[in-house]
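In what comes next, subunit A is part of two complexes: it sits with subunit B in the first one and with subunit C in the second one.
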Partner chain A sequence: MSMLLKRPPARIAIGLVVPVLILFWWQAQSQAGGARALAFVPLGSVATAFAELAGSGQLLDDALATLSRAVTGLLLGGIAGVTLGVVMATSRLVDRLVGPLYHAIRQVPLLGWLPLIGLWLGNGDGAKLLIVSLAAFYPTVLNSYEGITHVEKRYLDVGRIYGFTSVQRFRLILLPAALPLILTGVTQALAFAWIATIGTEILLGSGSGLGAAMGLAQAQQRMDVILVAILVTALLGFTLNDLFARLRGHLLRWQGASA
Partner chain B sequence: MMARPIPAFIPALAPPLLLIGAWQAASATGLFPAQVLVPPSEVMRTLASLAVNGELSAHLGQSLFRLVFGFAIGATAGLAFGAALALSKWIEALFSPLFLAVRQVPVLAFVPVLVLLLGIEEGFKITIVAVAAFFPVALATFDGVRGVPKAWFEVARVYRTPLVPFVARILVPATVPPVLTGLRIALTRAWLVLVAAELLAADSGIGQMMEMGRQMFRIDVVLAGVIVSGLIGFALDRGAKWIERRATRWRTA
Partner chain C sequence: MTAQSRISPTPPPAAPRSASGALTISSLSKSFTIDGKPLPVLDGIDLTLRPGEFVSIVGASGCGKSTLLRLIVGLDTDYSGEIRLDGQRIATTSLDRGIVFQDHRLFPWMTLEENVGLALLNTDIPKDRRAQIVADHIALVNLSGFEKAYPHQLSGGMAQRAAIARALVTEPKLLLLDEPLGALDALTRVHVQKELQRIWMAQRSTMLMVTHDVEEALYLGDRVIVMSPNPGRIRRIVEVDLPHPRDRSSPVLHRLRDEILTELTGAPDPANLVRFPGTEER
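Then we have the complex of A and B:
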């Protein structure tokens, strides 16, 4: 029996058993009628909704809006985060001054800022972008700080022997040595920014975006549209992560055998 | 260098105090309307009055009840699922593709689905907390059990160790550190998701208190909620880290 598990086609077939069973169960629920039919939409209507949304260009618009929000937030929050993390790690004064404040603010659940930011900025794109940037900011600060503070001392000693200026020291020693951890921070930031984008779009429910589409569909009780949006969200999230993992591998290719 | 170093907490306290001072001064100038900026003293007064009239503890009690209940369900399910996935090749082959696919979906994206399935009552909030807790715990348990060296299983087989002592004396101690880390991450995530769910749909809870404050332009109530949810988040993380350290003391000893 266990020989069966070693063959890839058999594995794929086995992996499909449970999802297919769930789909059958779902389809049966949808035909049972009554109150349940509202939530358990027939699978055919999910496909129809997908074709409809994709055909009208609505799906593409929402996907692009969500993607650009997530990427913009990642860039803003990531650049600010890496900068602050590096400065905190190289300057004791800044570390002492900003560190405690950073750790205090970080304790508030990210989306708990929404009511406050909503009061200040409304529920438009500004409020969403701020939350997404904040989501990307936290992990990049933490990881670039760790990355710089854990650079091996002997590398710095070599730099001193060569008489490096502080710019050279930063560019030739600190930055390359801290790069793996900085990129770990950016990887986490990407995941958090993606989650925050969908979350703020659902919660604020205005404008375009996959999360806003889900929120709207919830109000209209369109489970088929929700499922389409979730499917696209999952696929896009997976693709983003995968692309970034490749980029990270490319940037860290020098690590090769030593890592 | 003979001078005694300044204790670390004095410079650490300075920036928050400065910030609060500047905030108080800025709101005293009357430059900003009260809907935009209220002085910290006002926020503290609101916090105190919410605490005295019992409103705060009612909201907090509701939120913590949902958190504990949902977390217990999600974490238990995650532990069982993660362990089963790691121990049985068949269960892994059957469930891991589905598990990995569903994990790609941000937990908050399940909110609209669950609202349509369960409504916006308690069941929905407890379920979303359970879902949020399930994934990190299942993943950490899977990694933890998989991380147990194969040789230990073989030694147990050679000694014909019965299942119960094997689980209690080998499997559990070996997997406790990664699982506790997973539980801690799950707890923080569950709190985040709960606050978000309460913002969206609730009649009580810290999130709902903030959302009401927003709708009534009571920025003092909103800020009080921010402070309380931050303190809870901090306490949860610290508490979990403390347990983690206690439970893994033998490793460094």
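Then we have the complex of A and C:
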């Protein structure tokens, strides 16, 4: 059995069992009549809504808007986060200077910033991007900092023995040794950025995006459209995560099977 | 090379390789500070290694063997006394002195050839020759074919041989070995010991090896230094007057082993002997 599950087709098939069961249950609920039909839209109308949204190009626009917002925010926040984490870990002065501020600010949930950011930047793309970037920023700072500060001294000794310059020390020892934790931070950042993207789109409710589509559909009481947006969000998020896991596996191929 | 030395009126500054690698340690002492109190770990060490000599150090745990190697390699410069290599006082790490640790310390994120090659980064060996030198040293430790392997793909013995290749690739005048085979299983250990002897006979750089294993010390060493602990002092120096490569079963080695083991465990003190009921002296 466990051998069988290692084969990709079998693995995909078994992953589909529970979703298909849920679909059957859903469909049964939708046909039960009464108030239930309102809460459980028949799968047929969800499919119709999908065809309608996909045909008009609306769905593609929304998906692309959300995707580009999440990826841009991840890049901006991630690069800033890794940079700050690494600098804090290598410079005691910077650590003392901004460390306490960082640890205090990250206690404030992202939603807590929303009113303030709304006042500063309005409810447009700038505000959304800032929140998504912040979501990616926090976990990358923390994990990069931990990664660099926990590099084993025995590896640094090797660098001293072979006369490494500080650039060599950073590029050949500190950075690769910290990479597993840095990438753990980016994995978290990806999840947070995706959630923050959908969340801000719903809450700020302007422009395009899957979250904005959900918000609008809620106002119009279009349960079928909400479901389409949810399904696309889930699939896109899953794909992003999977792609990143592959990239991570490639970058950390030196860790072997145990990783 | 010869033509150039004939033209040049002064002899070349660097002594020929065979005549370098002389280590002189004089009245070396070292203490750590624990809870504000000095704790001596090495006391009055005097030792001279001839160029190309293989010297083993044995001793109980806590006799400062590893500390001694850290001082010689230059990772720790806080000591009193003097350590000189070919007359030069040791102030920091240098490519003249290589070291192999008990853990191989290969970088897990680099392939075998990258790990060996990193030792050459700061040498003045031209870049286009480095790949060949790395390949030669990988061949020297019998790891050809594993150039692209990551450390996790190597066995313990292979990784330790790779660490030896990395230490040798800069052709250090002095190679320090800090229990290099301590983490290997008995069979691999015997195999790498043979390998080490073959490499030393091919390279003839001065080598100083710390070990727990008296047989290993005798099998490889021209001399064996016996150290006593708390603080670490040289207790005895044993000359092993046998040609290399050696035969492990040589009666001379066995006799010396017994002598050194007695020395290390100390002559039995009658007061410490366990007395069983009925065997008491009357």
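The rule we apply is simple: the second predicted complex is superposed on the first by the 216 of 259 C-alpha atoms of A that agree within 3 Å, B and C clash if a C-alpha of one lies under 4 Å from a C-alpha of the other, contacts with A are read in each partner's own complex, and residues count from 1 in each chain.
One rule holds in what follows: contacts are C-beta pairs under 8 Å (C-beta built on N, C-alpha and C of every residue); 3 or more make two chains touch, one makes a residue touch a chain.
Given the structure is predicted, the values throughout are model-derived calculations rather than measurements.
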item	value
Subunit B versus subunit C as contact partner of A:Ala234, first or second or both or neither	first
Partner chain(s) touched by A:Gln255 [first = subunit B, second = subunit C, both, neither]	second
Touching partner for A:Leu43 - first (subunit B), second (subunit C), both, neither	neither
A:Tyr155 touches, of subunit B and subunit C: first, second, both or neither?	second
First, second, both or neither for A:Leu179, with subunit B first and subunit C second	second
Touching partner for A:Leu121 - first (subunit B), second (subunit C), both, neither	neither
Touched partner set for A:Ile79, first subunit B, second subunit C, both or neither	neither
Which of subunit B and subunit C A:Phe164 touches, first, second, both or neither	second
Broader residue contact with subunit A after superposition on the shared chain, subunit B or subunit C	B
Residue numbers on subunit B that touch subunit A, as the complex places them	8, 11-16, 19, 35-36, 89-90, 93-98, 101, 104-113, 115-117, 191-192, 195-196, 199-200, 206-207, 210-211, 213-214, 217, 219, 222-223, 225-226, 229-231, 233-234, 237
Residue ranges of subunit A touching subunit C (in the complex, touch as defined)	154-155, 157-158, 160-165, 168, 172-173, 176-177, 179, 253-256, 258
Of subunit A, residues touching subunit B in the complex	2, 5, 11-12, 14-19, 22, 38-39, 96-101, 104-105, 107-116, 118-120, 194-195, 198-199, 202-203, 211, 214-215, 217-218, 221, 223, 226-227, 229-230, 233-235, 237-238
Touching residues on subunit C, where the partner in the complex is subunit A	73-75, 93-95, 98-99, 101, 103, 105, 107-110, 118-119, 121-122, 150-153, 170
